[in-house]
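A, B, C and D label the chains in the order they appear, each numbered from 1.
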Amino acid sequence: MLGHLINGTQAEYVRVPFADLSAHLLPDGLTDETAVLLADILPTAYEVGVLSGGVHPGDTVVVVGAGPVGLAVILTAQLYSPSRIIAVDLAPSRLEAAKQLGADVVADAVQEPEQLIADVTDGLGANVVIEAVGVPESFELCTRVVRPRGHVANIGVHGKPATLHLEDLWIKNVTISTGLVDTRSIPALLCMVASGRLPVSSLVTHTFGLGQIQEAYDVFSRPADTAALKVTLRKEQRYAA
Amino acid sequence: MLGHLINGTQAEYVRVPFADLSAHLLPDGLTDETAVLLADILPTAYEVGVLSGGVHPGDTVVVVGAGPVGLAVILTAQLYSPSRIIAVDLAPSRLEAAKQLGADVVADAVQEPEQLIADVTDGLGANVVIEAVGVPESFELCTRVVRPRGHVANIGVHGKPATLHLEDLWIKNVTISTGLVDTRSIPALLCMVASGRLPVSSLVTHTFGLGQIQEAYDVFSRPADTAALKVTLRKEQRYAA
Amino acid sequence: MLGHLINGTQAEYVRVPFADLSAHLLPDGLTDETAVLLADILPTAYEVGVLSGGVHPGDTVVVVGAGPVGLAVILTAQLYSPSRIIAVDLAPSRLEAAKQLGADVVADAVQEPEQLIADVTDGLGANVVIEAVGVPESFELCTRVVRPRGHVANIGVHGKPATLHLEDLWIKNVTISTGLVDTRSIPALLCMVASGRLPVSSLVTHTFGLGQIQEAYDVFSRPADTAALKVTLRKEQRYAA
Amino acid sequence: MLGHLINGTQAEYVRVPFADLSAHLLPDGLTDETAVLLADILPTAYEVGVLSGGVHPGDTVVVVGAGPVGLAVILTAQLYSPSRIIAVDLAPSRLEAAKQLGADVVADAVQEPEQLIADVTDGLGANVVIEAVGVPESFELCTRVVRPRGHVANIGVHGKPATLHLEDLWIKNVTISTGLVDTRSIPALLCMVASGRLPVSSLVTHTFGLGQIQEAYDVFSRPADTAALKVTLRKEQRYAA
C-alpha cells in the first residue's frame, strides 16, 4: 500500500507498521543500490512473471517490455534455463540492455514481432510470454504469440481494458495469470544476489540525492535519451548521476 | 476433428483412424445413452472446467451456463467437495435441472448475479468460476465474480472477442484458462459412473432414432419448451422421446 | 510443542504464547467436543494423510490403522471422492467404526490384507496408502500394497526404524512422505464441519470432567472393550461418559 | 526391458518393437557418442533425480555417487540454478570430474560428509538429496542429510533393503521418491544439448570397437585406475580409447 494508497514514502523517514514481518537481514557486501531492487522489481519480475508463468528448462520465453521490470524478468528467467529469451520493446537502448542481461533475440515492437517469434519457434509460438508494459496493445501481442498449452503472465499495471480474442484462444489451452508480488521470494533472491548468481547491479543506472529529485524524475522520464533503467535516491545529498 | 473439421459423423457407420488409441472397454451395466456422455461432455466438463479450474474442498464454485456441459460441471465438481455450487442461467428449466444435479444456489442470469455471489461469499467472490456458454457477456460476468487468487476456467466455444478488464484484474492474482478436452480422464470417469458415484443418466432427456433426426434437432433447439438437456440418436429406428 | 516438549496442558488454564496467530473464530452451532477435533486430529489426518498423499477422484485408498486419526483420514479422504477406501486394523470395533464413517472395505490386519487389496485392484495395489499407527510392521505393509506411481503418506509417530525394501521399490516410482500438521487447513475444515459436510461428531465417544481424568485414560487405553475413539475432558466436573 | 529382461542388445543389430514410438530426430552436429547419453543416463538423472527431487533456484543439492549418472545429475541440476551442489563419492577421480562438471563442494564418502553438509547449510541440511549409488549406506546417508521439508530422490538400483529411520523422519516432512526413467524429457534435453547448454560430451571418456568389448568392460570396471566415466562401443572396429 505504501506509495500506492499511502503517500509520502520518498520522505527521509517513513514509519512502517508491522515492519518486523517484512524485514530481511542484508548479507555483507550488498550495496544499498542493489538491495533496494529486492524490495520490488526483482521479486515482482520473478514471482508474477517467471514463477507464475512457469518457465521450464528448454522453453522459449518472450518478454514484452524491457523497462526495469522486464529486464529483471530477463535476469530471473535465466534461473530456469530457457532455451531462448526474446525481448520486445520500442527503445533501442532498452533492447541493448536486454541483450546485455541475457536476451538471446531482441525485437522492435513496431515491426511486428509475431513473424520473428513464429520463425524461431517453428510456427508454434512461445511457451511463456510475460507482459511488462501495461497497455492493451502489448497484452494483446502476448496472447497472439503464445503457443498452445502456453502461459501469458501479466505483470503490467493496466489503466484500461484489453480485447481478449476468445474466438482464437478458447481452443488453445492457454493460461493467463495476473498478480501482485507478495515478496515470498526475497530470501532466495537475496541469497542468489549475494552469491553473484544474479548480476543485478547494472539495473541501477543513476543515483541522485533526495534534493535532486526533480532531476532524477526528469532523467527517468526520458529513457530513450538518458538510457535510464532504475534511478535511485539517497538521503545523503552528495550523490550525483 | 470429427464433427468439427470432418463432416458426416451422424452416419450409421464411421471409420475412425487410430481408433484403437482412444477406445475404452465399457463396464457391464452401462447403457449406451450413458456411455455416449463419456465421449465428450463429461470429460470436457471435468478436464477443462473442474480440473483446470482447480476446484478444492470448501470452495465456492460458480458455473455460468447450465446446459449439458454446465450441468456436467455441476456433477463432476462435486467430486472435490466444494462448499457451495452456484449455477447461473437464463432458462428456469435449466436452473431446475442444476438444482437437481447438485447446485446449492441458482441465479437468473438477467438479474445481476454479482450481488447474490457477493452476498454468499462475504464480498470476496468465488474461488472457481466456470464459463460454459461461449458469449462475451458470460465470460465477462465470470471475471467480475471471481475472487482474488481465484480461477476462471473457460469451456465455452466463443465466436467473438470479449473485453478483459485488466484495469481491475491486473492486481487480483487471477488465473484464466482455456482449453479443449483431451479425454485423459475417461478411465477414471468410467469407473466412477459404473460404480454409481456420478449419476449422469438424467443428462439424457430424449432419445430418437436416426430417422427422426430433424425432430431431435428441433427438440434440442427449444430447451425452454422441451426441457431438453442431451438428446441422443440411435441407429435403430424404433426409439422415441 | 504444547504437550510434546511443554508439559501440563491438561490444566484448567494454559498460557499460549502468540495464541492470536493460531486462534480461529468458531462458527455458531459447533459444540466444544467437535471443535476440539479441529485442533489436531482432523487437520493432521487431512494435511499429512489426504493432502500429502494426493488422493484423487477414483483412487483406491488404503488406511492402515483405524484409531481416531485413521478414522479422521477416512472422513476427510471422502472430500476427494476416491472409488474405494479400505481400512486395516486389528480391533473389530474400530473396523466397525471405519465402516460407519465411510470405509468401503475393512480388513483384519493379522489376516494378510495384501491379498484382499490385490484382489480389489486387479493386482495393482492402492493409489494412496496412509499409515496411521506408528510401528514398523504397519509402515512396511503400506509399502507392499502401494501400486507403481502410488503414494505412501506416513502420519504415525514412530519410535523405531522400519525396513525399506528398496530392492522392490527402486523401480516402482513410489513416493513416501512424512510430516507434522501445520494446521493451514483449519479454516476450510471448520467451514465444512459447520455446514455438515464432515460428520465428525461420532469420533468423540466419551466425555469426562477433569476430575475423572484417570478413568478417562483408562477408558481410552482399552478401546477393544470400551469402543473408545476420542475421549474429551471438560473443566466442568458434571460430565460423565 | 532391453538389456534388463531381454538379452543381447550389444549385438550389431537389434530389432526394437514399436521403435517408432520412441525414436527422436537427432539435430545436426550431435555426435553418436553424445547422442547415446540421451538414451538413458541423461534422462534418468534429470527425470528421476532433478525433476522428481524438485530442485529449485537457490537450493542446496547433495548428489551421493559421482559415477556417470551422478555426474549427469550434477549437469542437469544446474538447469534449475541451485545455490550449491555438493558431490559425495569414494573415488578422488570422480570427485574431480564432479568439480569440473559443476559441483561447488566435493566430499569424500568415508569421511562423514554429514558435518560438512551441516556446516554449509547452517545446520539445516540439503533441500534435495539424490542417491545415485544403490547401496543401503548411501541411501541412509541421504536421509540423514536432508533438511525438514526436503526431498530424497533415489535413482540407484538397489539389491537389498535399507533401514529407514522413521523415529527421526516421521516429524521432518520429508519426501522420498523412487523411479525409473520414462524418457519424456528427451526432446527438451536434445534441444539443450544441441544448443550447447548441456556440455555432456566429457561424460564419455573411452570409445571402443565392438571387437574390443572385453577390454572396454575391463576399463569400465576399474574407474579409480582408468578414470573411466562412460565407455561407448562402436560397431566399426577402428576406434580405440
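Everything that follows uses one rule, which is that contacts are C-beta pairs under 8 Å (C-beta built on N, C-alpha and C of every residue); 3 or more make two chains touch, one makes a residue touch a chain.
Note that the structure is predicted; figures quoted are calculated from it, not measured.
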Minimum number of chain-to-chain touching steps separating chain A from chain C: 2
A-B compared against B-C, more contacting pairs: A-B
Most distant chain from chain A, judged by the mean position of its C-alpha atoms: C
Averaged-CA centre spacing for the pair chain D and chain B, given as whole angstrom: 46
Between chain B and chain A, distance of the C-alpha-averaged centres to the nearest whole Å: 38
Mean-CA-position distance for chain C and chain B (Å): 35
In chain D, residues with contacts to at least two other chains: none
All pairs of touching chains, each written as two labels joined by a dash: A-B, A-D, B-C, C-D
Complex contacts: residues of chain A adjacent to chain B: 134, 136, 139, 154, 156-167, 169-180
Residues on chain B engaged by chain C in the complex (per definition of touch): 56-58, 78-81, 83, 188-189, 191-192, 195, 197
